[in-house]
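Each chain carries a letter (A, B, C and D) given by its place in the written order, and its residues are counted from 1.
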Amino acid sequence: MPNTAAVPATDSTYAALRERYLSVRAATEALAAPLSPEDQTVQSMPDVSPTKWHRAHTTWFFETFVLGAHQADYERFHPDYAFLFNSYYEGVGARFPRARRGHVSRPGAGEIAAYRTYVDEAMASTLDRDLDGRAVALIDLGLNHEQQHQELLLMDIKHVLAQSPLESPYLSAPVRVAQPSPPLQWISLPGGIAEVGHDGTGFAFDNESPRHRVALQPFAVADRPVTAGDWVAFIDDGGYRRAELWLSDGWAAVQTEAWEAPLYWASIDGDWTSFTLAGRRSIDPAEPVCHISYYEADAFARWADARLPTEAEWETWARRAGVQVANQFVDRPALHPRHTQPSVYGEVWEWTASAYLPYPGFRPAAGAVGEYNGKFMVNQHVLRGGCCATPAGHARTTYRNFFPPSARWPFTGARLARDG
Amino acid sequence: MPNTAAVPATDSTYAALRERYLSVRAATEALAAPLSPEDQTVQSMPDVSPTKWHRAHTTWFFETFVLGAHQADYERFHPDYAFLFNSYYEGVGARFPRARRGHVSRPGAGEIAAYRTYVDEAMASTLDRDLDGRAVALIDLGLNHEQQHQELLLMDIKHVLAQSPLESPYLSAPVRVAQPSPPLQWISLPGGIAEVGHDGTGFAFDNESPRHRVALQPFAVADRPVTAGDWVAFIDDGGYRRAELWLSDGWAAVQTEAWEAPLYWASIDGDWTSFTLAGRRSIDPAEPVCHISYYEADAFARWADARLPTEAEWETWARRAGVQVANQFVDRPALHPRHTQPSVYGEVWEWTASAYLPYPGFRPAAGAVGEYNGKFMVNQHVLRGGCCATPAGHARTTYRNFFPPSARWPFTGARLARDG
Amino acid sequence: MPNTAAVPATDSTYAALRERYLSVRAATEALAAPLSPEDQTVQSMPDVSPTKWHRAHTTWFFETFVLGAHQADYERFHPDYAFLFNSYYEGVGARFPRARRGHVSRPGAGEIAAYRTYVDEAMASTLDRDLDGRAVALIDLGLNHEQQHQELLLMDIKHVLAQSPLESPYLSAPVRVAQPSPPLQWISLPGGIAEVGHDGTGFAFDNESPRHRVALQPFAVADRPVTAGDWVAFIDDGGYRRAELWLSDGWAAVQTEAWEAPLYWASIDGDWTSFTLAGRRSIDPAEPVCHISYYEADAFARWADARLPTEAEWETWARRAGVQVANQFVDRPALHPRHTQPSVYGEVWEWTASAYLPYPGFRPAAGAVGEYNGKFMVNQHVLRGGCCATPAGHARTTYRNFFPPSARWPFTGARLARDG
Amino acid sequence: MPNTAAVPATDSTYAALRERYLSVRAATEALAAPLSPEDQTVQSMPDVSPTKWHRAHTTWFFETFVLGAHQADYERFHPDYAFLFNSYYEGVGARFPRARRGHVSRPGAGEIAAYRTYVDEAMASTLDRDLDGRAVALIDLGLNHEQQHQELLLMDIKHVLAQSPLESPYLSAPVRVAQPSPPLQWISLPGGIAEVGHDGTGFAFDNESPRHRVALQPFAVADRPVTAGDWVAFIDDGGYRRAELWLSDGWAAVQTEAWEAPLYWASIDGDWTSFTLAGRRSIDPAEPVCHISYYEADAFARWADARLPTEAEWETWARRAGVQVANQFVDRPALHPRHTQPSVYGEVWEWTASAYLPYPGFRPAAGAVGEYNGKFMVNQHVLRGGCCATPAGHARTTYRNFFPPSARWPFTGARLARDG
């Protein structure tokens, strides 16, 4: 999962910061509002966290790194919460085993609400004081961190709701009119030396820096992501039964996990359907395919006589004039990727061919917050773009999301590339 | 786990049956009342079921075996519930995987309440009609079945509440004054031919029949169960570190599971404590030891130069004049075994030396309810007596409870025996 | 697996004992002779031991319990062998993990031969001296122990040879003429009080004692074991697909392990074949079915509207006038069970309905040899009779073999019983 | 594991090719010669293959890709060998499960020798004929493939021999005089555009191409690998107990696997020793540390305030004037890495910071041989250099070896780098 590291905040005034704090914190509670206490308790697999855990962990972050570190007389809400809601920070002590988060019924959703209120009140007084740059940076980091968990909350609860045969929707939404898969255009780009990485303007996670030069060969990028319609053609052509299309580890996963289609897809009376946050419905050929692993994205590309782009290629393409990010997170999350549009990204996270590794000269932040990103730089692949559950502002061109190649429960899709 | 099989009901009039139905059903809801929706959702290990599942499964029993079978126009509450709440009856169709019951957030605790009301109303009209003997027997069975699940509900929720570092009590209760472990007396009984098993008077599960003769050698039985005080002596004498005391499979469990004391025990500042349904507290040397596996009971007996009784020995002892069952379930469950009393059983289930096997001439009931008991007759040991969470009337001398020898989360204890 | 405990030897003179020692030791080497060093190295599953391990472990037994204990100046052959070749005796120190015996290439088969010679020479001088009764009993025990391992060696190497697609035979043997399954007769026996267990005449393992009384109901026993022909009928009638025939744990095994027939059976062009120590061949309907688990034996009996006998019933039947043990181990092991004969046992081990538990008054021997049998008395079922790989003299009526209910790689079969 | 793909052979005349064929094939047999049939049979973990399997699989390669494909009348040695000795080529049919290679005793080592002779004779006649370029390329590939397996054979048998407490040496060798760890010098290199990858002169595997440009920042490389002496300092400074030094997956491995030192190291009376192919001996501080995972190499680098080089940095450094490859494989394998020398590589494989991914424009060969390298390009890291068990000629600057980051049983070490 993506995480965060301290980068100096910019010109936020305290008022703006306080307003943003309230807004981000309220957005988390709004996302949890449709969920029952039972929904908020379940952990449907080790990678998933319960909703109430997300609500508590993001709160623990402010308690630990801001209040505990910068407010001398701060009294913790509960002595066991540091143990319960630390995710993976070795530097701040022991923690409850991740795979057993769903075994904890208490504190319940209501007590977590009280915890959030308590910390928010303490933060309010903190935000009134003179804050040094380090504290502002940590608050900024904490807010970006919480926004990342908003997305995790949605992808996790989707997995939870899919476990019951009831397949209850998270929210109801009008059914869209399905459309045929749009034609694919290739955008050709020249090779040469390119610059990638964050330029230091505005917030970014530590893993997006330093900006640096890369050598590119001429290449082409598809101007739309792979669609659900494309994927049906792949399935129909035996995509999940042809070993020659797959990486060795991917083919092992196909056989062990009995993959025959993307996660959440089911064939009902010969019609492909998908469970969405608005319930199960027929797939729409024009929407980006979603909930595929890296292995599947890679196999599809081989089948299509193409490949996945590297993250440098992707970023170079995304910076091009005319390429736009989807604009789906104004008020509340879109519940599902929408129809693809030419030269737009941001409806699904797009697997790249690049392993998740440090940029040349990368240095994690000092202290425990330095554990955010750097220590996960092995055994994962980079995804770019953003998705229908990504908070606005997190879909920037330099953003490096990452997951193990077997992950399917995030909103993961693919975009093709080829040698130019 | 114990289960049930059809035995003809006795002389219950409809009024009495209806009253008993309402009483048993209300008792289940009373047990669940202190539990939050979050508590009712968690499955802390595969052997444990969520509270709301227990509430639903006992309801499904009446829906399936009484309403569905005997009421022609009965309409099921929900089409997916038969799949969700069938425990293990192969004869009535597919079922949701047991180990994943805790992954189901919906239906929630409130919907289960509605389900219970719906079925109770349908049952009320059924209980008004002329019922044949088969239906009465099934209702009787269903009520005994539900009472068994009341006990399971308590032992399961104890395990759930123990997972959180908060160790919240199920209910609060006054702390008792600890007493020293009482002295042990041996009751000698002659050998010869004895009769064991149920005599057909009143309800019994199928596995208690037929009554039959067994040959006994002279033997002696301890007039009180093994106490917590005894157990501390066993621990202090290296009981968990001496391989020669253990069955081979037991010693493997000691090492694999790192057992050093009964489940829920923890040494705090040199003082042995135990998590109880009323919270963590110091152990009371005079109370029966609880939450031990068969392996531990057997090792303790070897250490004490004794052995466990067979179930025939146990039953012969329990029928003796002067032996009494504990009387702890009048209003609501005792939360923990009380001080031992001479010639009393029923505070903890007592492991016997007998494997759980059919009695000579045993025949399971016809139909799917025949799956209650018989199909579990391998890889388990018999326990006798009853415990502080057992409903009144389930602590009869012929009752055969059973668990795998590694089970520790039920209220399991031990009573010693030796050759006479 | 069955093992041994000290019982005082009888009237063996030293000469007879020495002769028997040489004979038993030579028989082991004769069994290993057809096997290559590679064959002797493989451990095809954790329950199987490599041939060279069997050869070394039986030697270690004499080194540890006779030479080491009774010969003051004895020098061990190699300092690491006690660690490598201790099977499970906690009382004599640490041991190499069982599941990794097949990871040890050195010492090789040749070094084990030298080890055997070394110990045999030391034993020869021991057998010349005055031996006390304890030593004689241990040698007697060691020889019976080694004979048990002769059978284990054969059943283990059968499993090893079956792993390779080459399915090489252990030895070649002429193909027998297949015969139809013989008709089944029932032998009725009255109930009442019977005596079972060893009477102290001649060698027996500790688990066969004390002789004691049991109460029996009238019953009947099939005068021949279940045949391969019977089993084909069971398969053809859907035996492996009908949940109602199976114990719950058995049905789980059928599904997890994908059982469709006994171990080593394969259907080739519609013809059932079985891998035998003489290679793969068509099954013979008249031979006892072999390589079935307790679960399968139990399910078959339920399908046949019968049940398995208890061990007391089996023993009572086997002592009856006219019942005979098969006579198949005169020179060398029969490679496969032969045609069934009326009132004969000993071609296949017969699963009984009895769990493996101590007889009333059972006491294991003092010291480490007391670990032979008693510590395995849980989670196993008793088998009676003997099999085509059992040494002569081990097929007595009181002999209690035992395996977990899932075991299929021994020569396990079944005999039906029913209420009289 | 590294593998091979067809690249057109160069100017080998038939005579030279035949001579090389005989030489490579004989070298494999020479490596196996010290090993007993038992040694050749064992598979000590799933990643390890038995020696006789290596001998057979390399033979199967020629049988399948040369004889079977180019000699019309060729008759296979045995019908089951294609199934038994296919490693992972999905394109040529089913194969025996990898994790169970050690369960196969037959064919034995002797039969594999006959198989090798049979195929060598068929190859001899093939090498006399007119061969087309494709066949010559496949033979060249087969020889390089067999040389790779020579190294695998040695690292695998080292793991096998280490399982037994006997710790028998593969071969004996004189003990060297230990020396102190030599001082470390840094070689600074400028950034800019560099070319990496194979230039097409002579044999190379497909994964070394195409040659392409990369952008480098200024960097420095240590002129010697990390030594055993360095590693002792790391251990003494708590390297294996400090979470902050480790990647998250690495720290999990430290805890799960209880790592405290490199594989094969053991502390005896306060002295660090290592099991080598010549037996156990004290470590030599001046030798390169060996048998470390990527996780350990990465943690060490962090501890040393450095990092691992990327493969492009490594290759750029290795091409520098004055850098030399170790010269240890003239006659027979060195049994252990020798003392480090400045500006020399090739005693241990050096983990790089680069994930194993395709070079820009990479295309695997057509047909089943295309499965060599490409399909493993996920979840692995690149190692560079060569080791004491690498055949001469395989230690070229462009060679890309690869293993999962947890692998420790190859001869894996590390070289430090830092930003320039």
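The rule is simple: contacts are C-beta pairs under 8 Å (C-beta built on N, C-alpha and C of every residue); 3 or more make two chains touch, one makes a residue touch a chain.
This one's a predicted model, so the numbers in the text were calculated from it and none came from an experiment.
Student: If I rank A-D and C-D by number of C-beta contact pairs, which comes first?
Tutor: Answer to which pair has more contacts is C-D.
Student: Over half of the residue-numbered contact pairs in common: that is the test. Which of B-C, A-D or C-D passes it against A-B?
Tutor: Repeat interface, by the over-half criterion: C-D.
Student: Determine the centre-to-centre distance between chain B and chain D, using the mean Cα coordinates as centres, and give it in whole Å.
Tutor: Averaging C-alpha atoms per chain gives centres 59 Å apart.
Student: For chain A versus chain D, what separation do you get between their C-alpha means, in angstrom?
Tutor: Inter-chain centre distance comes to 37 Å.
Student: When the C-alpha atoms of chain C and chain D are each averaged to a single point, how far apart are the two points in Å?
Tutor: From the centre of chain C to the centre of chain D is 46 Å.
Student: Residues of chain B that contact two or more other chains, please.
Tutor: Within chain B, no residue touches at least two other chains.
Student: What topology does the chain touch graph have (line, ring, star, complete, other)?
Tutor: ring
Student: Quick check on the complex: what are the chain A residues that touch chain B?
Tutor: Chain A reaches chain B through residues 36-44, 52, 80, 83-84, 96, 100, 102-109, 160-161, 163-166, 168.
Student: For a test of understanding, state which residues of chain A touch chain D in their complex under the given definition.
Tutor: Contacts found on chain A: 88, 90-91, 193, 212-215, 217, 243-244, 246-251, 294-295, 298, 353-355, 357-358, 360-361, 371, 375-379, 381, 405, 419.
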